[in-house]
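These are the structures in question, set out in turn.
Here come two complexes built around subunit A, the first alongside subunit B, the second alongside subunit C.
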Partner chain A sequence: MQAMEYDKKQTAAWITPPMLIAFAVFATLPLWIETVGLYEYLAVEVLIWVIFAMGFNLLLGYGGLPSFGHGAFFGIGAYAFGLAQFNVWANLWFCLAAAIFVTAVIGGIAALFLSHRRGIYFALMTIAVGQIFYFIASKWTTVTGGEDGMLNIKRLPVDFGLVEFSIKSNVGLYYLTFGLFVVVTLLLWRLTNSPYGRVLRAMKQNETRVAFIGYSPRLYKWSVFTLSCAIAGLAGGLFAMAQEGAYINIMSLQWSGTIVLIVLIGGGFVSFWGPLLGVIFYFVSRDVLGAYTDTWLLWFGLIFMGLVMFKPDGLAGIWRDYIGGRKAKSEQSGNPATVASGR
Partner chain B sequence: MAVFEAQHLHKRFGDQVVLEEINLSFEAGQLSGIMGPNGAGKTTCFNVLTGRYKPNRGKVVFEGKDITGLSPEAVVRKGISRSFQIMNLFDDYTALDNVVVALPQVRKRGFDVLHALDGHSETQDRASEILRRVGLAGREGANAKAMSYGERRALEIGVALATEPRILFVDEPTAGLGTEATAQLADLIRELKRSTTIVMIEHDMRFLFGLADQISVIHWGQVIAQGTPEELRGNKWVQRSNLGGLA
Partner chain C sequence: MLYDLIPHIINGLALGLLFALLALGFMLIIGVMEVINLAHGSLFALGAYIALVVMTPDGGLPFAFMQPYYDLPVIPRYIIALIVGPIVVGVVGMGLEICLRRTYGKDPLYGLLLTFGAAMVLEEGIREIWGSSEYALPIPRGISGGFIAGDLIYSNYRIYAAIFSAAMIGVLWVFLNKTPYGAVIKAGAHDSEMVRALGYNLKRLRLYVFAFGAALAAIAGIIMAPIWGIRPVVGVDAVVPAFVVIVLGGVGSFWGSVSAGILVGLVVGLTAAFLTDWSLLSMYLLLLAVVTFRARGLAGKASVLEA
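Our next item is the complex of A and B:
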């Protein structure tokens, strides 16, 4: 089966069986996470990063556009959420919309400079863009708080007009994030299986040919980069609430590299669900390995190297091979023709 | 009547002049061939004509409209398509998907982000029909990268055809093909010629002379001769450029 290729029934559907499994697991996560020795805040962190990673994978996994500066847009979303809350209107929906909008606009402007680049030049330009925003955030202390960060960002209540829910607890924030995760997942599933998604995947395979069948690679790169930034902005806004502050470290090159690593480990090149697997693997490894050693990142790096060398399609690729192997085995044992012919 | 014209085209890369002065015109409904030795500037000429490179001087005119310097995607939308000497396919896609994504009806929905592409049987049928036309019936589900060289050549033309061009540029379609595959390709091009204006660069002179209505010979970045295959066989410039023997 081709990378990112799913059964036609699934690609036409809004909700698929893997989606239901993911939703069921995440919907019940706060109920059992502590029984497996983990904690509620980790669930919040994981889900926010899943949103970020799935948005990022639109670029990397679907468009084949390696951005090494995406942490900057996650950070911009966090700052935009805080600034909207402090200076405009402390309403959850407004602040999240501001985080998405501001990040999309800034991402869209950056994409104007990136969209005519490809390959290594695109990657280098994204590093430059990420660093520009990182240094702006670090020096513009009156707005961002510089190295100290933007403090006291509130977890604003979920306001439905007549009803209001507090998300001051981690569980409350988790379920808000879960709701948004569901929406983002549904939309991304539709998008990646739409004509637009098909063109993105074509562009990843052969940008020249995409142009010579009548599509503008530049326009597609610009739009997917902007969209991916908007999703990063949403995740950043949620992260600002989770951390109750916006901090510059998230915009650093290290964190931009981390999201690439997460998506690759998960198998973002071969599966829609790769980023989700990568995020879970990363954060659980951090906490489990981190409980044993301070040098957990070293061990994580070695795992990454092992995967790149032996299973470059990541966790999703391992799963796909396992399922494929089982299917082949059962077909072989169940098919009288193959049994008779001794194959 | 000339449907496509190149007027005084000049293209240089830094100090190196690749196209000195190219004047070409292609008649509607004909197969026009371009021949010339390696390094003569044939592919660069194609690249200028199809929007990959902008000429430093000169004009490209299609159906009376100036299309000089338009981007490849804009050129395709005008009704001009091309295949490549070095194959440009979507290797991870099936043969069918390679064609589907190139169809104008799919292109029109290129920014549709909510609806599935697979549900449209009309597009699938159209793509299957194109594959049948290029001799790939029954190979719809084959992965492009797993196809034989000859099949990939045919698919390359199929993808170009899927854009529904009024003029098709084909760059060295027989490159790397065996005798049997070349014969099959000749049949395909003969069939395409009935409905589409074709411009073809080709090194295989027997192949080209057997199919073309008009041939232009490019050498030293210029058109050194033009005419029907019969006229060119006796042309002194063609003979001097060592191509006459081949003809």
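Our next item is the complex of A and C:
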């Protein structure tokens, strides 16, 4: 486990240089994404998945709890957003809040069954939970639309009381997502650098000792699972607007596994920014490899296997080793605060 | 009422014994390698595709010189498929084990992720070679069709599948408990470092056990093929019940897995009798119910997986 660690120091800073770089890159992304040969909708997709992946990494990377059923909560968020829009009040803030709340409640109930599991048993139980929600969503056609999906979800205008913005265009939706991304990033950054985050990391190393010190691992596992479900719900709600519908496929076991893969490929175990790198890598390679071959997943799978075998710390780990190699003598390597600046 | 359920019970039993056969190979790999093999379902699917190649020209061996072979009666081709399939898949399993070596001694999550990647590669590879369409595996006439007893129709194939799987499980039990090879495998599952300390070649043991587990998956895949059909996604359909059986039965328990397999098969089979759409859901609910009250399943002991 020696290689698989975040920086030991915690910081009181709200804003760090890598964060500024990430914000600057994403704030200007719609201006230059088409010049590099990609398209605006991809930017929306990437940013939504970044929100989801960063929330998921709270559970996987910081808590050391591999959930193989998280796609289900993303999907629940999307359906909740649609249902709130159709049946209650078609207001953006209300619907997003509903998506977060419903997902957090369902995730919280599921977490009651999971919070006393350890290691691989935890992973297996999350598979079961994820599959249960998948089956319910695919069979309860009157509510979810089943295999056809929930159609005609609208991109609701961003309502600030006096002013109102339309997000019908991809750029509009992108900036809404970007605003939420900034909020979520700041919250997660502070949370992972708080005493709560410290207990989470300690729990990943040795749960029994954490219990001996007097913290309740069960409570921490339950709360971190619920929290990451809430963030998944937010991302799901945004995704429902992006796709203008909610579909069952994102709740499947394959997708739930893929998100674990994305986070790990980016280096979620060693860096706060790992999930972000992973999402960019996944979507860009989907589009680039996908342009050349129909079976891009085959190649992506091979790349992934190679990474797990030779560079298990992922992209962020490669960057850290590179930096570490350059200034090995001058100072301690592996500061995640420096990791993402190489994007 | 109970009488009407007999065909469903037989179907459930056939399904359950096949799940158990699949799960036992899965468990051997967990025991000796301490790896959750997420690619197990893909190896299962690959077994069925190899059988397809061996048995019919649809499988993608359209060489003219093969034609006399495909003119053979179904039974010898079926038997050859049951031998060749496990061997080929066993070799693929060996390749996977060699890749896995780099993850030994690290967090078990890495093994899990590597096999997840392998499952993706195998499934996409199958799609690339054989396409996404569904194939049917021809079966000898003696075990196809059905018969009517009373007012009920029984499928011959399901009865054959149940008997075949039960026999395979029996052979496996004898192999593990009555032969010196079985003793080493069981010792390896108990404490692999100690086995090495006693002078056995652990590297080779792991290679062979992985191949053996993969071969069992291939056999289960070939037997299941006429029931489920042969599609690329069949791997996911198979790996999940294997998990459920292992967790339900308890890791490390032979009869725990067999009884859990039968239990899962029966629950799925009987739910299918009343609510076809929900039959797979019942499996997960069963798992959740049992594991909530018995954390290590029906007969499990403390294992590496809780670390």
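To be clear about the criterion, the second predicted complex is superposed on the first by the 318 of 343 C-alpha atoms of A that agree within 3 Å, B and C clash if a C-alpha of one lies under 4 Å from a C-alpha of the other, contacts with A are read in each partner's own complex, and residues count from 1 in each chain.
Simple rule for what comes next: contacts are C-beta pairs under 8 Å (C-beta built on N, C-alpha and C of every residue); 3 or more make two chains touch, one makes a residue touch a chain.
Just so we're clear, the structure is a prediction, and the values are computed from it rather than from any experiment.
When the two complexes are overlaid on their common chain A, residue A:Ala12 makes contact with subunit B while staying clear of subunit C.
By the touch criterion stated above, A:Thr103 is placed in contact with neither subunit B nor subunit C.
Contact with subunit C, but none with subunit B, is seen for A:Ala128 once the two complexes are overlaid on the shared chain. When the two complexes are overlaid on their common chain A, residue A:Asn206 makes contact with subunit B while staying clear of subunit C.
Residue contacts after overlaying the shared chain place A:Asn57 against neither subunit B nor subunit C. In the superposed three-chain model, the partner touching more residues of subunit A is C, compared with the other of subunit B and subunit C.
By the document's definition of touching, neither partner reaches A:Ser115: not subunit B, not subunit C. When the two structures are aligned on the shared chain, A:Thr295 is found in touch with subunit C, with no touch to subunit B. Remark: subunit B residues 50, 71-73, 76-77, 81-82, 84, 88-94, 97, 100-102, 104, 106-107, 109-119, 143, 159-160, 162-163 touch subunit A in the complex. For subunit C in complex with subunit A, the residues that touch the partner chain are 36, 38, 99, 102-103, 106-110, 112-114, 116-118, 120-121, 124-125, 127-128, 236, 240, 243-244, 246-247, 277-278, 280-281, 284-285, 287-288, 291-292, 295, 305-307. Residues 1, 4, 66, 113, 116-121, 123-125, 127-129, 131-132, 135-136, 139, 253-254, 257, 260-261, 264, 295, 297-298, 300-302, 304-305, 308-310, 312 of subunit A are the ones touching subunit C in the complex. Only residues 2-3, 8, 11-12, 190-191, 193-199, 201-202, 205-206, 208-209, 211-217, 220, 223 of subunit A touch subunit B when the two sit together in their complex.
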